[in-house]
Each structure stands twice: as C-alpha cells, then as structure tokens.
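Labels run A, B, C and D following the written order; every chain starts at residue 1.
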Amino acid sequence: MTAPVLEIAGVSKRFGTNLANDDISMTLAKGEVVALLGENGAGKTTLMSILFGHYVPDEGRILIDGVELPPGKPRAAIRAGVGMVHQHFSLAPNLTVLENVMTGTEKLLSWRSETSAARNRLLDISERFGLKVDPDARLGDLSVGEQQRVEILKALYNDARILILDEPTAVLTNIEAERLFTTLKEMASQGLSLIFISHKLDEVMAAADRIVVLRGGKMVAERKAEDTNKAELAELMVGHRVTRPVREPSKPGAVVLEAADITVRIGGVDRLKSVSFRLREGEILGIIGVSGNGQAALAHLLSGTLSRNAGDLRLFGEPIGNLGVADVVSAGIGRIPEDRNTEGAIGEMAIWENAVLERITSFSRGGFVNRKAGMAFAREIIDQFDVRGGNPASRTRLLSGGNMQKLILGRNLHERPRILIAAQPARGLDEGAVAAVHSRLLEARRQGTAVLLISEDLDEVIALADRIQAIVGGRLSPPVEADDADARMLGLMMAGEWQANSEAGHAI
Amino acid sequence: MRFERRDHRPLYLLVLTPVLAVIAALALSGILIAIAGAPVLEAYWRILTSAFGSRLSATETLTRATPLMLTGLAAAVAFRARLWNIGAEGQFYLGAIAVAAAGSQLLAGLPAPVVIPLLLVIGAIAGMALILIPLWLRLRFSVDEVVTSLLLNFIALLFVSMLIDGVLKDPMAFGWPQSQPVSDAATLPKLIARSRLHIGFAIAIGLAILVHLIQSRTVFGMQSRAAGLNPEGAVFAGVPLGRTLVKVACLSGGLAGLAGAIEVMGVKGYVTTDLSPGFGYAGIVVAMLANLNPLGVVLAALFTATMFVGADGMSRSLGIPTYIADVTVALSLLTMLIALFFTQYRIRR
Amino acid sequence: MMQLFDIVASAGLWAAVLRIATPLIFGTLGALLCERAGVLNLGIEGIMTFGAMIGWLSVYHGADLWTGLLIAAIAGGVFGLLHSALTVTLGLSQHVAGLGVTLFASSFSYYVFRLIVPVANTPPTIVPFQPIAIPGLSDLPFIGQALFTQTAPTYLAIVIALLMAYIIFRTPVGLAIRMTGENPHAAEAQGVNPMKVRYGAVIAGSALMGMGGAYLTLSAFNSFFPTMMQGRGWICIALVVFASWRPGRALFGALLFAFFDAFQLRLQTVLSGVVPYQIFLMTPYILSIVALAIMARRARVPQALMQPYRRGER
Amino acid sequence: AAPMKVAGIHASPVENAWNSCLHKALQDAAKEGVIEYVFSEGVSGTDYPRAMREYAEQGNKLIIGEAYAVEKEARQVAADYPDTAFVLGSSGEQAGSNFGVFGTWNHDGAYLAGMLAGKMTKSNVVGSVGAIPIPEVNMLINAFAAGVKAVNPDAKHLVSFIGTFFDPPKAREAGLAQIDAGADILFGERIGTADAAKERNIKAVGSLIDYTPRYPDTVFANALWGFRPILNAAIADVAAGKPVGNNYTAFGLMKEGGSDIVYVKGTAPADAEAAMEAKRAEIKAGTFEVPKMMEEPK
C-alpha cells in the first residue's frame, strides 16, 4: 500500500469536562473515500475541525504526506491541500459566488483582485467536476444544493487534495445527494482523497471505500465497505442493536382534518395551489417531495404561523377560519417544526421554558408563569422521552440535535395530541435517534393521533406512512396507499408525474 | 491563548472579580492623579469620603444613582428583548418636559396625592411615545433602531429646547430658556430632610423589583425574552412578536421617561437642556454592568454614582481637574466589563 | 423663494458644505470600515475628541500640521486597539464597549488638556491649515470658489473615500474585510483570520476618526475646546447606515448632511426669528431618519455586525 | 490677614469667554494674595448644587459661579449654608443675606462698537452671531444693532444663533454664512465668529474679553466686561461681615467702570470715533443710557 496522504495520530480534545476526541488515529490514502460514522455528539465534527485547524488538539498530531501540520492554523491546512465543507455552511449570503470562493486565496496586501482570472479558473473547475454555478450570482439567491456546490468548489479552488465533507447530504434532497456522490466518486478517481461524515447508512455503504466509526469520542471500529453491512454499522455506532420500528396495520378512524383547494400566497408567489387532503385518526399521511415545493408553507399553515388566501379547512368536521398558534395548540394539534434550532427551540432559554412556551396559558395564572409546574412538566418529558444531556433548568442549546428533537416530540406527544404535524422529524439524527423518533410517531398513531408526516426521506415515509401524497410546485398529488407504493413510483410522483395519469383514475 | 466559557461560576469569582476591577480602575486613575501632582492615597480616601463620608455625600450619591437606575432599567428591559434602544436620553427629556408642561399648567392646584402619580404616568407615557417612532420604523420599514433611536435623542433635545424657549418658557426666568416649574404639590417628598434625596429613589428600587418580577415570573417576561433570543422560534411558539416588542418598547421608553419625570419632580423642579449629564447613555452601560439583570441594575447604578460623586468631590478637595471624575467612571466601567467577562470565561493556554 | 434660490446658487454655500462635511467624511469612513468588518464602533465620539485634542496639542507644542494630523491618526488607532481588545478578543458587547471608549476618550482628552495647557483668557491658538487654491481649477467661476479652495485635509478626505471604495470592492484585503463582516466563520474557513482583520479594520477606522476630529482643531478652527465635538461622531454612525455601508455613498451622505447644516445657517440670515432656530438644527437629523426609512429596505447590513467571533465556539 | 477662601464653580470649561472673565479675575486676586482660589469646571446642572455644598462644607467663605441653570436649587443651598456667601451670575433676584447675584451687562460697549461699525460698513450689512437667544445675549446683540442704527439707520443687521454655547467651528460657519449674505462687519458674541471675518478679510467686533491680540487685523473693537469690580465688592462685603444678598450687576456697568470698549484707533473714520467717544463720555457721566432690550433680536 502506498504511503497515506493523511495521518491522524493520537488526537485528543477536551471541552471542559467532556472528552470529545479520545486518542484517535486514522489514515487516508490517495484516491480513497472514507466515511466517518457516529452518533450525534460522537466527536466527528470535532476531529475534522482539528484536522482543518479550527481547533487546537490537546494531544496528537496531524500529518499530511508525512509532514506535520502546525496546530490551529486553517491557512496552513489549506496550503497543505486540505479542504473542508462544513456541517453548517460557511458562506456569506450577501457576497457573490466568486467572492465567496476567492476570499483568502490571494495575497492579502496586493493592490488588485485578479477577478477575471479567478472567474475563469472557477469556471474551469466547475466544468471539470461537473459542478455548475453562476460565479456572479449572489450566494443568498442560490438553492441549498447550489450552495453546497459552492462549498465544494471553494475547496477545489484551493487545490484541495484532501476533501472533508461534514454531513454534506443532511440538507440535500435524494436526487441532489445522488448527484453529489457521483461527483465525489469522480473526484476520487481523479486522485482526490475524501472523508465524509454521514448518518445515512445507505449513502455510506454506497459511496465509501472504508468506514471509520466513532463512539463517545473513541474510535471503535474500522471496516472495509465490502466487509460490512448496515446493521453492523448501526450496532457499532450505537453500541447495541438498532432496528427501526415497523408499522403495524391499523384501522384509521374519522377524518379530523380536511383541506379543500387551499391556496397560500407569499410575496406574490403561490406556495400552495389548491391543495386538498384528508387526515384520519390513527393514520400517518406522508407528504413527500423535494424541498422547496411548498412543504414549509404547508407546515406553517397547519402550525398556525401562516394564513391561507383561499380554500376551506375543516377541523374535526367544523369549518374554521385562519388559525393562530394559540388556537392550533389549544385545538390539540402538535407541531414538530422543520428546523429545530431556529423554530423548534430557543437555545438560550432553559429546557423547561422551551417545554412550556407554546402552551404557556396552561402553565400560568393571571399572567404569572407557574415555574414549578413547568419544571415538573419538563422533568416528565425528560424521563418519558429519554432526553439526555440536561436537566429542566439547563440551557437548551447544550442538548444535541437528537435530544433536542426528543424534547420537541415530548412536549407535543405528552398531552396526546389529536393531530400531529411532523416536518422532517428525523433530519440530521443518528441511527439510534431516528429509531427513537420513529417509534414515538408510530406509538402516537397507535393511540389514535392523526399524523401528517412531511419528509424528503423516501425510506422514512414508506416505513411510517399509511398513505402518501407528493407535493410538487405547491400542488399535492392524489394519495396512494403505502402498501401499493414503491420507490420508483414515488420517485415519479415527486417529479410531478401523477398529473398526466390522474385522469386515468388511480391507474398506477 | 483562548477563552473558554465556564460551565459554573464559582462564588469566589463573582465576588473577587468586581473587587479586582475596582482596584484596577483606581490604580489607573491613580496614575493620572499622580501626574496632576496630587497625593494618590489621600485621593482614594477622598473618593470614599466624598461618596459616603457624610450625610451630604451619601444622600448625594443615592440621588445621583436614582436616574441611572431608571435609565439602566430602561436599557436592560429593551436589550433583553434585543430591542437596541439607544434613545433613553431623548425619552428622558420628553418625560421631563411632559411633566413640566402638565405639572406647571394643566394640573396645577391639585393635591399632591393626586398630582404626583398622575404626573409620573404622564412622564412615562411621553417616553413611550418617543420610543414608538423607532419601533414603528423597525416594524414597518425594517430600519435599524440603533441609529434611529440615537438620532431621536438630538431631535428630542432640540424639541425640548424649542418648547422651553417658546410655549413652556418660564416668564419668571428672565428670558432664560427654561420651563415653568412644576407646582409644589408635584414635588416629590424628600426621603431625608435637608438633602436632595427624594422618594424617587425608593420608586426606582421598587420598579427594579417590579421589573425583575415581570421578567422572571410573568408570561410577558418569558415571551419578550424568547422574542429577543430567537424571533423565529418565538413566533413558532405563538409569541405575538409585534405586540410583544411594542410592550417591551413601552416598558423601556416608559422607564426612561419616568427617569426624566422623577428628576424634574424630585430634584430640579423645572426643565433645562442640561437636565441630564448623559443619564440615558450611562444607563446603557449600567444595564450591561448588571448583565441586564434588573436587580443588578440597582447595584450597578449605585456603583457608577459612587465612583462619580466620589471622584468629583475628590477633585474639588484636592484641586485637580474636575474631569478626573468622568475618567474614573469610564475606567471603572471598562475594567468592570472586563471583570464580568472573566466571570463567564476562563483563559486556556 | 428667490432668496432660497440665491442661497443654493451661492458658491459660498458649497464651499461651506465641503468644510462642514470634512470631519464627517473622515468619521463616517472610519465607522464604515469598522462596521464592514463587523464591529460597531460607538467609541467614535470620544476618539474624534481625542484626535482633536492631541492633534492640536502636538502642533501647539511645535509639530507641523501634518505631523499633528498623523499623531491624531495614531492616537485614534490606539483607541481602536482598545476597542478591538474589548470587542474582538474578549467579544464584549459592542455598544457598551463603544460607549465606554467614548466616555473614557473624551474625559481623558479634557483631563490631559487641562493638565498640559495653562488656562488662559482665550484658548491658545495655532496656525491652522490654509486653503489651497488649486491652480487653474480654483479660477473657474462658481465651481472654483466652491470646490477648489479648501484646505489640504478636505482633499485628503475625498481621496480617502475613493481609495476606500476601491480597496473594499477591488482588492483582496477588501474582500477579506467584507467576508469577516458577513460571516467570520467563513473567513476563518478560507484561511483568513477574522480576529486580525477586525483588529486591522477597527484600528484603521479609528485612525480615520482621529483625523476627522483633528480637522476641527487643525483646519476648521485653531484651538481646542472641551466639549467641542458636539455629537459629530454620532452623526457619522447614522451616516454609515444612510450610506448602506458604501464609501461612495458615505461621501455623498456626509455632503448631504453638511448641505443641510450650511443651508440652515444661511437660511437663518433671511428667516431669522420667523421659525425657531431649533427647527433648522433639527432638519438634518429628521431628514436622516427619513432617508433611512426610504433606503433601509435596500440596505444590506453586514450580517455579522455586532456579533462577536470567538474561535472554537458555536 | 490670611487670604479669604474663595471657590469658583463653572458650568462650562473655563475657556468659555464668560467663565474666563470670572476665572481670570479670581486667578488675579489669588496671585495678589487677596484670596485663596479653588475651582471646578464643566459642572453639569445636576452636579452643580452638590459642588456648592461641598465647597461650602470645605470652609470656603465666598462661592462664585453661575446660577442660570439652577436658580431654584442654588437659593436652596444658600439657605442651607447661611455662613457662606454665594455670589452667582443670575437673571434672578438676590435672596436672603448670603445669596448675591450679578448680570453681565456689557451692552454699553456693544452699543459703542455698533456706532463704529455702522459708519464703517460699505455693504450696509452687518451681522451678529450668538449662542442661544438668552436675555443677556439678546441684550448685547440688540445694543450692537441699536448702535449701528443710531449712526446708520439704513444698515441691515443679520442675526444667527448656533444653538449651543460651545461650537467654535460652527460659529465660524455661521459667520461665513453672514458674509456670504453680504455682511462686512461681524459682531461675534461667540468665539469662532472672528475667524470667519479673518478668513474673508473683513472686520469683527469682540465681546466680553479683548480679542484684538488674537485677531490683530480683524477685531477692531471689543465690548469688554470686567468681573473684578464685582468680585472686589463681594470680597469687601464678606470681609466686612456685611450681607452679600445684593445685586452686584451695577459694578459691571460702564458708568461704574466695570465694562468698557477697547478699539484700535484709526480703523473707523475719525468722525465716527469722535461721535462714539462723545457717547462714551455721556454714558460714563450717566446722561445717556443704552436701551436694555432683552427680547430675541429679529
């Protein structure tokens, strides 16, 4: 075997009392694709940040082609050929693509930016790797997928030979993700070495040559892709066997929520166009679709933060007007927002406050908050939903994504809602956390809750939903029974193919 | 060298760091005092006695702390909700002029128990009215309120200057631009006779406690905090964002207006354009020193007033330039800010 | 109406506009540079005061005018260093640190001035910058007298405005500054040290503020007075927003503001006593707010403005 | 006898012309060994009463300053410290036995300077730049204008206020604006005005103190005001144990020798100087009184 391009030797890093990386060593060969796998908080991002010079390790060394990198110097890492695509994009929305890419690439104290040369070079690279972008577009105007491309181009522009991608597909649609991995494979064949982090085992199995698993800051396993399988990886990650729960047959009850010809217009654009659906007690209705097709508007409408421009909504059989958040909550509708960090929780507030904020009227009297009751409520959620990493009084920001999601689930399911609007409930979670969220949703269904599951993850929807509708360009397809559906058919629906066939009844 | 956020704040640190800050500030201003040729140790002693050494100095310190508490609360309330109200100075003046207008003309002749509460409310309302302008601009046009509220300070001051030079001018002031005085009934009773300390001081402390209760115990307090920390999250949780901000703004502007009202009714009796030596701006610093905690504001205001009154008196008794007082206050604020930082962070490597 | 027209058509008005605008141009550019890198510098009022004091004091003690201006710039830079230490290294709240710097810098200026300069019946004077008639241009009718008979710092201010526009939009360091103001994490990820960029921008910006203050004592007037800054620094903070963080527009904004001021001074000579003088003085502030309301939607605030950047913290 | 302990409290920095009159007189007295002088400057309205009390408690016998912004409280303080004498610049009346007041009445000089200016102007436009229209500023500007009108009824008189006591660059701009509007002689109630005149090579009149040394070829006349006579009278009263609850303004009048005009001879036409000197003599003799007009000049 040839000498590794990258060697991580005995790296440890401590945050306060928390040992985030514990004596980790690994290597990467030229042209190799390594997947880094682990639960939320296992230390993956930390390790990669050390490699890139964001963090200074407490112990250990990073060697590129056998030469040690000075710790804590991103510039040195870039020079040595390391490129990093961050878990949370590091881009400036107000600058152009070219400006985002060019930052820091020239000698700082020169009298001129060689803009046109840089534009040509960027176009060359984007041509070569099939990553198409408009260099002069304002970054904030691009879709998430395009922004991801810019992130990769940034690294390639710096002549990266080692590319690190931290959860690159967390915000991409399946199609975009597939396209990305094709590109990455292509890059590897051109001699680039890659490390990517992902929670999606399918991706890992499909794209990686080798898989490294972290747990609790330690490296617990290393496998060649051909020598392992999804089940083993899941078990290695979590430390015990994980199985995703399966849906049992159920008898849906009465229709609790019915939408007819609903239209929602935001800023002059129709985000929802005559959308109709029916949601029954004890069933999960899955709404699939590529993000940006109206899911957010649908979720916000039903969550009480958006009002409709046209159409009828019937709740428990009664026609209703526009709903505010308070109405929605008091009507017994639970809501799991798409983005737990911005909408789902207020990071700087205590866990108990986040638990009660949306139903504050039931935890207050005469305008005064009943702190004791709130704390008790939070403690119950923490116990029942296995929220780890904090007590009711600690700041919510300190919870990991999975645990924050459990908190959000808990505050909604605790009161056994009649309807639950769940938008991307398992996004970015590790295998164990995904299983936990899924089983909670199924349990709610068993207890008679009507669940509207909005998701981009086909596997998730097929596994959980009783019926499935696709959302495309603000329109909703007719429902199909999940048992009749397969990935190919759903793929067609997500591409908007139902319209052609819908006249022929439910021919598919 | 890096800074790392502390998980726990040990008690000794919370006590020790402010003390170190004061020592550092005094050491630095000691250098300046020495340069002026005055005995440094004696200067320190004079600072102490000038702030608390006699009945006069102690009551003066508390009197000067009173408006700082109120403007400090105004800033703390607004900043908690991320409403960057830099306009307390202008709100202070509007509160003051409203009280002067009402207290000298409209309500003259009413007995004290009626007129005093009424005037306090009027002062608060005037402060609210002014802050609603930047708030409206923010909600309607998304104009950053830092700048608009700052600019409104100058407009408010000129407006007051115009009034006290015109319709509200005191004809007994021989043409000097000053407002008519508020009636005797409208003068706040003294807390201590033969001093300037008035019940406004007690009102300020009472309001600090009230604001503390509002912020820590009420639904509105929780919602305004949520709105400040994460507006999107707050909206999702059903917090009426606009309405909450309006309420926060009214509370903040009201407190600043009240500060002006109380300064007029308690101390000066009428309005001139030099009523406030920057109380509105100082309130911002007081609020930050207090970490936006309403009860902390009381302490921070007392601290600031102590430093000022102490150093001011010291300069007089030692015959060094009066400006040393502001220098000492500024140094204490800066060192105190740094000290507060180190109660939250530790140095690593 | 005729009188108003005469005022606007007088070369004297436009010459005054440039003079009144000069300290504002320096200050606004300084504040703009800081904010482009993500740091609000409310220390400006104090830094300008100190610049005015130290620049004047240096010349009073024998330095030549340009050295005085340079010393004011350096002193401004030193206060910029203080502000950076507080807001960049420690990441303290930028409002408050700025107000603290202003309080310190201005009271310190007065204290030093009082210690060093003996109190005299009238404040001691220096020989300030003299107007330079630019040969050829200054002989042009109207424009010549209006624009080309200023003192050297005024020309310098305009050159700096154009230079800054070039640097911010056309050079690598300008891009690094903009990126730091938009997203310091992204800057760091590209190997640009946001801390250093912020330090540099705040120090350089504060140096400009110091020069703006010095203009008042080295050109607009020939003595230093405590309290002479009169809120000019705060105006600059407003002008930065008015200018949507663009140097060219900052130049325009400063000139516009100065126009209001020069205009009201002249309007008083024809309308004296009819309208309270406070109304005239208010106009520039009111119009600034109106302009903000009109422009705000289009303004692109640096996204990381007022957000501290701490390495290794999320 | 040991020098009397006297304290000065200045709301403005002592560079401010008015305060500098007080400050200079006090410093001179201290140099002569008559008094022992301590002072505070830049004292805001809120802090002013405290400064008075502190100086009183420190055993100062006489406290000199300005009550304008604190008229009510200052009297309160005086009442609380009956053993200390307070003599303050004020628009109000004296109070009790220990609270004396004085005004700044140098309008006689301003009137006389106006008489010179009225004969000197070629454009027939003169201008005055003031701080804010308070009575004593108004009186001064009105007297100047009256002097101009007395000798040249057709002359036009421009007035600007800069809205603050302390912004010399702004006063200069206001002066330039008046020159642009045609004025060729400026009356500078505020420092900074003469700078405009100097820049445009016209003449200016100063107020309170003698500006001619500072602007040799520009300021040709000054309406002086001397505080020393007032101070001497107050010191004498205190030393003699007499109550100081008097109005000391008169000691600052021209006919009492407190104020005067100084001018550069030969700048104005000889007949103008002669006419002015005649008026000056009348004022000193008490046969002519310059009108006291306190309303805002138009």
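Simple rule for what comes next: a contact is a pair of C-beta atoms (placed from the backbone, for glycine too) under 8 Å apart; a residue touches a chain by one contact, two chains touch by 3 or more.
Labels paired with UniProt names: A = ABC transporter ATP-binding protein; B, C = ABC transporter permease.
Since we're looking at a predicted model, the values are computed, not measured.
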item: Most distant chain from subunit A by Cα centroid; value: D
item: Centre-of-Cα separation between subunit B (ABC transporter permease) and subunit A, whole angstrom; value: 46
item: Whole-Å gap between the CA centroids of subunit A and subunit C (ABC transporter permease); value: 46
item: Whole-Å gap separating subunit A and subunit D, where each centre is the average of the chain's CA atoms; value: 76
item: Subunit C (ABC transporter permease) and subunit D, separation of their C-alpha mean positions in angstrom; value: 34
item: Overlap residues in subunit B (ABC transporter permease), where contacts from two or more other chains coincide; value: 2, 158, 161, 165, 321, 323
item: Multi-chain contact residues (two or more partners), subunit D; value: 41-42, 132-133, 163
item: Multi-chain contact residues (two or more partners), subunit C (ABC transporter permease); value: 110, 114, 226, 278, 281, 311-312
item: Chains grouped in pairs wherever the two touch, ordered by label; value: A-B, A-C, B-C, B-D, C-D
item: Residue ranges of subunit C (ABC transporter permease) touching subunit D (in the complex, touch as defined); value: 10, 12-13, 16, 19-20, 110, 114, 119-123, 125, 216, 220-223, 225-228, 230, 261-262, 265-266, 268-270, 272-273, 277-278, 281
item: For the subunit B (ABC transporter permease) and subunit A complex, residues of the former touching the latter; value: 2, 4, 7, 217-223, 225-226, 229-230, 232-239, 349
item: In the complex, subunit C (ABC transporter permease) residues that touch subunit B (ABC transporter permease); value: 40, 86, 90-93, 95-97, 99-101, 103-104, 106-108, 110-111, 114-115, 226, 231, 234, 237-238, 241, 276, 278-279, 281-282, 285-286, 288-289, 292-293, 296-297, 301, 310-313
item: Residues of subunit A touching subunit C (ABC transporter permease) in the complex; value: 49, 52, 54-56, 74-75, 77-79, 84, 86, 90-95, 99-100, 102-113, 154, 158
item: Parts of subunit D lying in touch with subunit B (ABC transporter permease), wherever the complex brings them together; value: 11, 38, 40-47, 49-51, 53-55, 57-58, 68-73, 80, 91-92, 132-135, 138, 163, 294-295
